[in-house]
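Heads up, the next two complexes both have subunit A, just with different partners, subunit B and then subunit C.
On to the complex of A and B.
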């Protein structure tokens, strides 16, 4: 857009968010509905500030992120390993292909009661629930990536003296990285969503647990402050993944074009 | 002094696609490539010339017949036979320097020696100043120069080239011809060069093996050595034009056959 300054562009990008927040504030101040049903944005921000200062929100974020990251890490390691094996070992493909086609589109959260039954209501069941939900996009992306490794890359490495094991680690894996990372970028928000739903359903504090507690105490600014915190954490995670991608894939054409 | 004579004896190859009928790609190919000779394999697309090169490279298993290098049977890829592909096959996550270093890292050489050789090759292919660029930042001609340097780094006695300049524009291709000839003048190699470009084959090669349309067979081997002269020195001569004309005559019918087969 010619004539629009960098600051103008940034404002434009934030305009819709600022607009919604302004509407929220105006609507609440007009007292159309009670402050219990919709506390003013300013009230929520002040509440969030107090929760941050008291350390409550920080503790909640730490707990939620710990479990979400633990599940995400499990999903990443298992997903890449399974995906690569599906691509390279035919019996693995026969076994996993139908399971993946059923599991990928299914809402894995339906297994929550089963996970509670099997693994209890503490960290283990939440972490496993997250891992089970987030593993599918990683499997699919690693599978497609490993299937698509150009055979001339493998051939040239072989003729330069690489061993079979070196082919996998030095050629197949790095050349698959852009696609695998896309799968991880899909898996990350899934991990956060499932972690928060699990906390809401089975307690155990964290961001999801604390908004349920606030709801039971009819503390509506607390609920909205929790939602605001979740939104900020989610946006931060997505942004962080983009930055890591740009760092890690500096060689990729998309990165040099940007 | 190592012997690098290559010999194909009665080599046939059947391509079995995952779906559909098996196709006889090569039929009873016998051919000798002399040491430090530049041999071009010329034929219409789909005639199996690249397959023949991949068999020699050890990338595909030799099922019928025998291929030997220095009297030893080919049983897999090896650093004695370096290969350059049409689409460069560079490692995009490695810089120019790292690409060239890859093969050197597989050899037991001191680090300083590896770096020295890599730098030497960067200069040989005129890429000084681009050592730390990634392939995505280079032009097609530069990419192919990196690929050639990477292959030369392990100093293979035999250079296999699979339509290496086919993806380049005409001007770049002409420059790359000069560069390739200059490189093998400085580092003599046995070269097997696959192409479907008649002029390119006559221009570069000592001998041109003309292949028939599928199933690929050696139709005729034409001497194009012009008393040891190659490249620009001979391109304008009458003798050069005659060779091109003669070989084009051999290839023309095969190309027509290949095309009819593609449009049934």
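On to the complex of A and C.
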């Protein structure tokens, strides 16, 4: 019975998505709006297919992901290091606390022209812009996680003769992992959003750069095909982060709760 | 006062470094104009009206898009929680659209609405819709059934229950969703203005950057950052105020 309703649910789920796509197709074919404003879904899919076969989209995805991941990785490493140091080293807390509390809610995207001025319009500039935008949630989550490590755990490990390095790698880091990962899950979509904006502003190909070019040439099927590609990449990334989380935290209570 | 001074002293330190480094020639003045020059440029922008015109335009578009997103989002989210068919219809679409990096939609808003205010409002609206829908949906879904039953038993009409019971009970999550939306709306507005526009703070910043007026560009960047920061703080304050009755 549960199986049937699960299939029913899946059907329903796809029904509404298929319904919207059919509506889109119908709208476009009935010329309710011009093909320029809303190219038919079939046109967009065919266009995406051609762009995939020609290799343009694959190259775009590769470039976008390379820069988004590079920036994300920088943000992750720097963010975790800074967050843990803030929790542990008082002078670091003194220095970073006001910067983080101002930097977190601030619209970092306004610094885009500053990054262009300082680092040019190529990969380095985009990667650093992504890292700058994505680092704050990581710092905050790593800080909170490192602050929240249970002292009982640390004391027991110490009394069992653990070294400081063991304390860090075997107690502090694993017990803060769930919270740190939550910060990374917040940072990943930010990285993608900012990478796409940076490509739109600076050029240099990639998915964001190519839809901006298509827009300038008033090539609306190209714009929609690009958005479709970005949507697929975005969904894949969110899903991948969930899978990695489940993998990494297999030992944690939250994994068995799910 | 003293505590605040100690807490924010790193900022004073950074400000001092910002002023000193270009003056001592450690950094080229075009790469980083001294803070005093940036402040002077800011006063200039204030005096000649550039700041007022573009700042006002940005704030208008931001508030219009955000307000639209909040009204549509809260309505949609609560209806989804209240009527099962609407949930079945809308929820899958939200799941599919949620991971889409919203900045990808900026070119479409320009295709649809042109270069003016409408495309900026649309970008902000599209950017902040989903967090509000999800906040309202989760909040309204989590309302205790007992509250609803008691209200119905006491003779309340369904729309009264929606308005007087479900909406207030869902308020904390709605307000949290709107806070996310506020942050996103700044990103989308500034990005859309930086990319293609004829007005607004993003336009101001990018045109100064392209024209090489770097002190004015930094003044604009600082202004947007400060407004974004204080908007969040003000919202937080109002949110705590609004939720005081719950404590």
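Here is the rule we go by: the second predicted complex is superposed on the first by the 247 of 258 C-alpha atoms of A that agree within 3 Å, B and C clash if a C-alpha of one lies under 4 Å from a C-alpha of the other, contacts with A are read in each partner's own complex, and residues count from 1 in each chain.
Note that contacts are C-beta pairs under 8 Å (C-beta built on N, C-alpha and C of every residue); 3 or more make two chains touch, one makes a residue touch a chain.
Please read all numbers here as calculations on a predicted model, not as lab measurements.
Within the superposed three-chain model, A:16 lies in touch with subunit C and out of touch with subunit B [touch as defined at top]. Look at A:152: by the touch rule set out above, it reaches subunit B but stays clear of subunit C.
Once the two complexes are overlaid on the shared chain, A:49 sits clear of subunit B and of subunit C alike. Of the two partner chains placed by superposition, only subunit C is touched by A:109; subunit B is not.
Applying the stated contact rule after C-alpha superposition, one finds that A:231 touches subunit C and leaves subunit B untouched.
In the superposition on chain A, A:169 makes contact with neither subunit B nor subunit C. Judged by the touch definition given at the top, the superposed model places A:122 against neither subunit B nor subunit C. When the shared chain is aligned, subunit B comes close enough to touch A:161, but subunit C does not.
Counted by residues of subunit A touched, the larger count belongs to C, out of subunit B and subunit C.
By the touch criterion stated above, subunit B contacts subunit A in their complex at residues 54, 57-59, 76-79, 81-83, 85, 87, 89, 91-95, 102-103, 106-107, 134-137, 147, 150-151, 153-154, 156. Against subunit C, the residues of subunit A that register as touching in their complex are 12-14, 16-17, 19-20, 36-37, 94-99, 102, 105-114, 116-118, 189, 192-194, 196-197, 200-201, 207-208, 211-212, 214-215, 218, 220, 223-224, 226-227, 230-231, 234-235, 237-239. On the side of subunit C, the complex with subunit A involves touching residues 6-11, 14, 31, 88-93, 96-108, 110-112, 183, 186-187, 190-191, 194-195, 201-202, 205-206, 208-209, 214, 217-218, 220-221, 224-225, 228-229, 232-233.
Here subunit A touches subunit B in the complex through residues 150, 152-153, 155-162, 170-171, 174-175, 177, 249-253, 256, going by the rule given at the top.
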